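In the two assemblies presented below, subunit A is common to both, partnered first by subunit B and then by subunit C.
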Partner chain A sequence: MLPVLWGVSLIVFTAIRLVPGDVIMAKMQGEFSAKPEQLERMRAELGLDVPGYVQYFRWIGGVVRGDFGVSMNTFRPVLSEIISRVPITAELAIISLLFAIVIAIPIGVASAVYQDTWIDYAGRLLAMLTLSVPSFVIASALILFPSIWWGYFPPMGLAPLTSRPLENLQQVLPATVALGAILAGQVMRLTRSSVLEVLRSDFVRTARAKGLSGLAVISGHVLRASLIPVVTLIGSDFGRLLGGTVVIETIFAFPGMGLLTLTSIQLRDYTQLQGNVLFIAAVFVLFNLLVDLLYGVLDPRIRYS
Partner chain B sequence: MSVRTATLTDAGTMPAVTPRRSRQGFLWQLQRRPLGMLAFIIVLGVILVAVLADLISPQDPYRIFTGQTRAAPGVVAANGVPFLLGADESGRDILSRIIYGARVSLWVGVLSVAIGTLGGTVVGVVSGFRSGKLDLVLQRLMDSAQAIPSLVLALLLMAVLGSSLTNVILAIGIVQIPYTNRVVRSAVLSLKQETYVESARAIGCSDFWIMSRHILPNVVAPIIVIGTSGLGGAILTEAYLSFLGLGAPPPIPSWGGMVSTARTYMLTNPQLLLAPAVALSITVLAWNLAGDALRDILDPRLRNR
Partner chain C sequence: MRSSEAQGPLTRRSFLRGMLVLGAGASAALIQACGPQAPAPPAGGGQAPAGAQSGAAVVLTSTPRTVPATQAPAAAPTAAPAAGAAPQPTAAARPVAAAGNRPPLVRQQDPGPPKRGGILETSLGKDPETLEVMQSVNGPLRITSSLVYRRLVQFRGTDYYDIDVEPDMADSWTVAPDGKSMTFKLHQGIKWHNVPPVNGREFTSDDVAWTVDYYKTKSKEYAWLWDWVTKVETPDKYTVVFHMDKPNAEALLNMAVDNNAILPREVFEQYGNFRSKMIGTGPYIWKNWEPGVKVELVKNPDYWEVSELDGKPLPYLDGITGYIMPDYATRLAAYRSGKISGHRWGFQPARNDVEGLVKGMQGQQRWDGVHFLSGGGFVLNISKKPLDDLRVRRAMSLALNRDAIIADVQQGAAQWGGFISASFTKFAWPEDKLKGLEFLKYNPDQARQLVKDAGAEGATVIIDLHPDTTPGTKILVEMAQQMWKAIGLNPTIDPTDVPASYAKRQSGDFMVFGNGVGFSSASIDAATRQLFHSEGQRNYTRNKDAEFDKLAEAQATEMDQEKRKQIVDQIQQKIYDNMWTIPHYDAIDTLINQPWAKNWGFHWQLGWAHSERIWVDK
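Up next is the complex of A and B:
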């Protein structure tokens, strides 16, 4: 886990230093009055006047102590900026995840149980559609069609979840549908193939032979065994969900991690961008660790090995 | 022809797939998958549109008709040619821009997948075959790259490389390398145990010879499958990058970019958004379905999964 994050820090740091132009240039766009010596002083203030490797060790040394540095754009601590942006992104990600699981797993199971019937075809086509239609198209459609058909618009300006939860959910739900679609498609496909495989195994035949009903076999025997690869997928696709928030938060103008990442790329805000990517990668790695631990719960055979 | 019909009816009545039948031609296999067939036809159609863009497009996609911005479908342009799908926010013919957009997305898709699969194959084969320290370092690097959401990594690379069509191709290609690497490396690890590799080494073949003559031909099938399935994803990533304003620079017709600018006029002129969105979604859907069908045909073990 730590070597991966260290690698991420190296990749991000070197990539960002190769960006032509820096935050000073991005900020000074259009301002011709700035003298070269003024620019130099500003670079020195931001610690950009020393060689790259010195900058890296200063930065990584701080990160180890929990200090991610100061945003080169807002001059606020990177970590507090991240923490202020995390709630909305977390809300989006969690609801999308729930949406994907609640919708996709039953469809995937139905698709497998009724293999090669119209239910299966409809399920597979739906899965393929969610994988193929870009989230910004889904999001636009979810805004466009209700407004044309019913004259409905979600309330403007993001309402806080704590004080006005209903309004907040009205705004967040279309975003989560668009965000969760890709994950839902992947989960549907994998659930289907995994259930199909388990359905052919001996213990399912035994369960059937001793007279269990179809539903009992599916819920008690098949589902648990076939969920392991699905859980792995959800773990590894969580990163894609976090990446997807860049697009979704831009469309809906939600002030979350994704929008922050995009703006820090646009403004060449090195420290903020480094902090964001490292944070996102850490969440991703943690999520995968959690999934590994979940295996033991789902499959007792894995627990002690 | 009569022989072929006989085989087809045979296949309908005989339950098991014999190895002999699976060896029959690619087209014959495709014929049994109507959805895959349809997908291949659409893909061929899009390729044809992209190649023949100069011949079939009614207008120059860059030509601006001032005073005819957001003209409705059917309105006749100043040069006497009707806007079949209307004009966009700058007064350019939408249909022509969609036709040239097919060229851009196909170009980006094919070249970036070529970079991604080639890079991933080289890393995967070398890393899997050599193992040891080199393998360790390369795989840690790949793990780290995969811990960053691919869209964020692509955005980061676009910021580093600067906005141009070539750089879009490079960025999307590089992002795919870790995924191809993982599949190829695991295939190589199992191939390494084969007796023919051992005997090749016993008669004194060099590592390079074994890799290129004995290992590589055996990983071609999975590489083709990854490539085809990756194409839809690459086209999608291009659309996301353009949508976020970090893709191909503005005058170049890109479906993602068209959707992005059309969002401003979404409620008054929905055709501006719907036309590129539909073109994009259908193309990606067709590539994904074609990739699935190809995987089924090339890898019979995965059939029915």
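Up next is the complex of A and C:
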């Protein structure tokens, strides 16, 4: 994990500095009424007047000590910005994931079990639609049409989940539907093909031959075996969701990690962006590890020595 | 349960057939449902109805071309007031009675009676990012901070284009005959917000002196607002005298700009900056800021102004809340549902969307006009080949079919652009004159010949383009690319983003700016001297013209408005003769308010002039 994170830190540090413009350019935009010496003073205050490698070692040295520095734009600590944003993104990601799983897996199973019936076609059509329609279209529609038809607009901001859960869910529901739709489509299709494959297995035929009911065969034998590829997909997608989904956060004005990362890039907020990317990379690595461990739970044949 | 091998009753072919029928039916229903759009109102020159009309928007249309007699009051003469005199109202204005010892307002107000209480909810296009308005160009920050801070003078706001000022925290001012000093008499009894560490103490002339020193020595971005002042004197608690080496034609304008806040020293002394506290003398107190979510301000119970309508202290509102909505569709939906009362930064709804919004909505207040704070057309770097050849620059201008561009990019909601924004109503050349200029007329044949004469056939011209809040910019640049290609040049578009674009401007590593130039103030000086003077801070064109420099310096110190206008005329002539920029159009934008938002005027300074007099009646 550490070599991966170190590599990521080098890549993000270098990449953002290769892009033209810096935080001074971004902040001042058209207002270049400041004199050149004033601009240099601003750069020096931000530590941009020293060579790149010095900037890197200063930053990475701080990271090792738990100090991610301060945002070059807001001057707030990078870590506190991330910590304030992660719960929002995590909540969106978890609820989207649950939405996708609860909707997609049963439909995928039903679609496979009732292959080539209207149930199957309806499920596949639904999967196709959710995969074809971009999430921002769904999100915009969920915002625009209720305002036009019913004069309804969701409450702004995000009420605390612990103290006002109902209000919180009311606020996040449209966003999670938009976010979860694509994942639901992917899970539906993958579940269907995976279940279809397992249904043809010898052990399933044996289970039926023993006289087990359909539900018992599906729940006791088929599902567990079919879920391995689905777990892989969910695991990798969850990491992506935790990294933040910029479009959804922008449309619904949720101040999550995605919006923070996008703003950091636009404003060339080097320290914030570096911190964000490092955090997202760590989450990805961690989730991949969890998915690998979950394999062993799902399939006893897979064991790690 | 069926096995995987069993065939269902529904075959794939019959399913697809069914979907085809269903899809065709849905498409027909959709086409039927999407009726024709309501026709767009005429661009410019419209009348201002007296009040809300049933089922229609109240349209306030002001353009730089004509000012119909029945429109909202025109701006008063812009000359600095004579010594000892308060600003005089124009004949067209309906003065509002003075309250207390304040001079009368000259702009029109809703006659009331005002309704007290309530929260005005609005949207902001992005997060303020910081509280330091004196170190930032962030639009939402300027909007919200203008509710908290006050200045010595403020914009009158008789209409959108009004850049004349009236008293704010200063009751009156005089200018020395030689123009090298200005004496301000401060309003007495003004208090800072009752928030630690300032704790509601009285505002005095020392605060002004401290503020000027802060801007000159510590504000990296806005030192220019005060660097024309050489010395500040405070002979007593309520008098401030500014001394300067030479007259400054925009001194009052600079003082009224929203970035130019009068600041409390205690905040800086305690925190070393203004990042964590925003304490002013304004009608609203900064209450809460949830980054990325909203900004909340509450009424200042100790505010010093009194309403001329009901004789009670202002403001009328209990507070203002700005919800951060970066997405355009979200802002539209919020407006449509009545969640927000209007929007002042980054909204400018597209014409079709405005028609859709007001269709079925009653009594919307609407303003259409040329947007301030933009202009300049395509900025050219004349140090780069082939743009160093005047013939090529003229050819590029002749190649532009401006009428076609206006029709395609803006659906007709624009007028020909000039060399300074048309929103400078007293200075900019009118559209009729622009259309008569030889090198602004569409003439591709002449353009091709000029390119050939200059030996620039096939020459590469790179157009920088970064994402813009107005989607039309991309279409504009693509059209220009096609038109320049048609005359023999080889134009390419270089997509970039904002910081990269501005880095290139600074370094000179660009040829053509597709996005034009933005401004943060209605300053002729910014639009002329800063942009084109050889030592100008924003001399992106890289031109060095000594004669132009003299003109640019002269307009900056000319206090007589008529003479200044003549100088600016010559400046525009110079820019045209040299084609340092290629104008295209000035867009006509639309601002819109809900009918219950009263006295929320449409003014260029991001729309927050006189926020203490807004009330909500719903």
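The working rule: the second predicted complex is superposed on the first by the 291 of 305 C-alpha atoms of A that agree within 3 Å, B and C clash if a C-alpha of one lies under 4 Å from a C-alpha of the other, contacts with A are read in each partner's own complex, and residues count from 1 in each chain.
As a convention for this text, a contact is a pair of C-beta atoms (placed from the backbone, for glycine too) under 8 Å apart; a residue touches a chain by one contact, two chains touch by 3 or more.
Just so it is clear, the model here is predicted, and its values are computed rather than measured.
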What is the contact status of A:Leu196 with respect to subunit B (first) and subunit C (second): first, second, both, or neither? both
By the touch definition at the top of the document, which applies to A:Thr261: first (subunit B), second (subunit C), both, or neither? first
Tell me the contact category for A:Thr250 with respect to subunit B and subunit C: first, second, both or neither. both
Considering only the touch criterion stated at the top, classify A:Tyr56 as touching first (subunit B), second (subunit C), both, or neither. neither
Touching partner for A:Val133 - first (subunit B), second (subunit C), both, neither: first
Contacts for A:Ser147 in the overlay, against subunit B (first) and subunit C (second): which applies, first, second, both or neither? both
First (subunit B), second (subunit C), both or neither touched by A:Thr117: second
Let me test your reading of the model: by the given contact rule, A:Tyr295 touches which partner, first (subunit B), second (subunit C), both or neither? neither
Between subunit B and subunit C, which residues of subunit A are contacted by each of them? 19-20, 115, 125, 140, 143-144, 147-148, 196, 250-251, 268
Hey, which residues of subunit B end up touching subunit A in the complex? 35, 140-141, 143-152, 155-157, 159-160, 162, 232, 236, 239-240, 243-244, 246, 256, 259-260, 263, 266-267, 270, 273, 277, 280-281, 284-285, 288-289, 292, 304-305
Subunit B contact footprint on subunit A (complex, rising order): 3-8, 10-12, 15-16, 18-20, 115, 125, 128-129, 131-134, 136-137, 140-141, 143-144, 147-148, 193, 196-197, 239-240, 242-244, 246-247, 250-251, 261-262, 265, 268, 273, 277, 280-281, 284-285
Show me the residue ranges of subunit A that touch subunit C in the complex, using the header's touch definition. 19-23, 25-35, 38-39, 41-42, 73-75, 84-85, 112-118, 120-121, 125, 140, 143-144, 146-148, 151-153, 156-158, 196, 199-200, 214, 250-255, 259-260, 263, 266-268
Subunit C - residues contacting subunit A, complex: 1-4, 6-12, 15, 19, 127, 129-130, 136-137, 220-224, 275, 290-294, 323-327, 329-330, 332-334, 336-339, 496-506, 517-520, 526, 530, 537-538
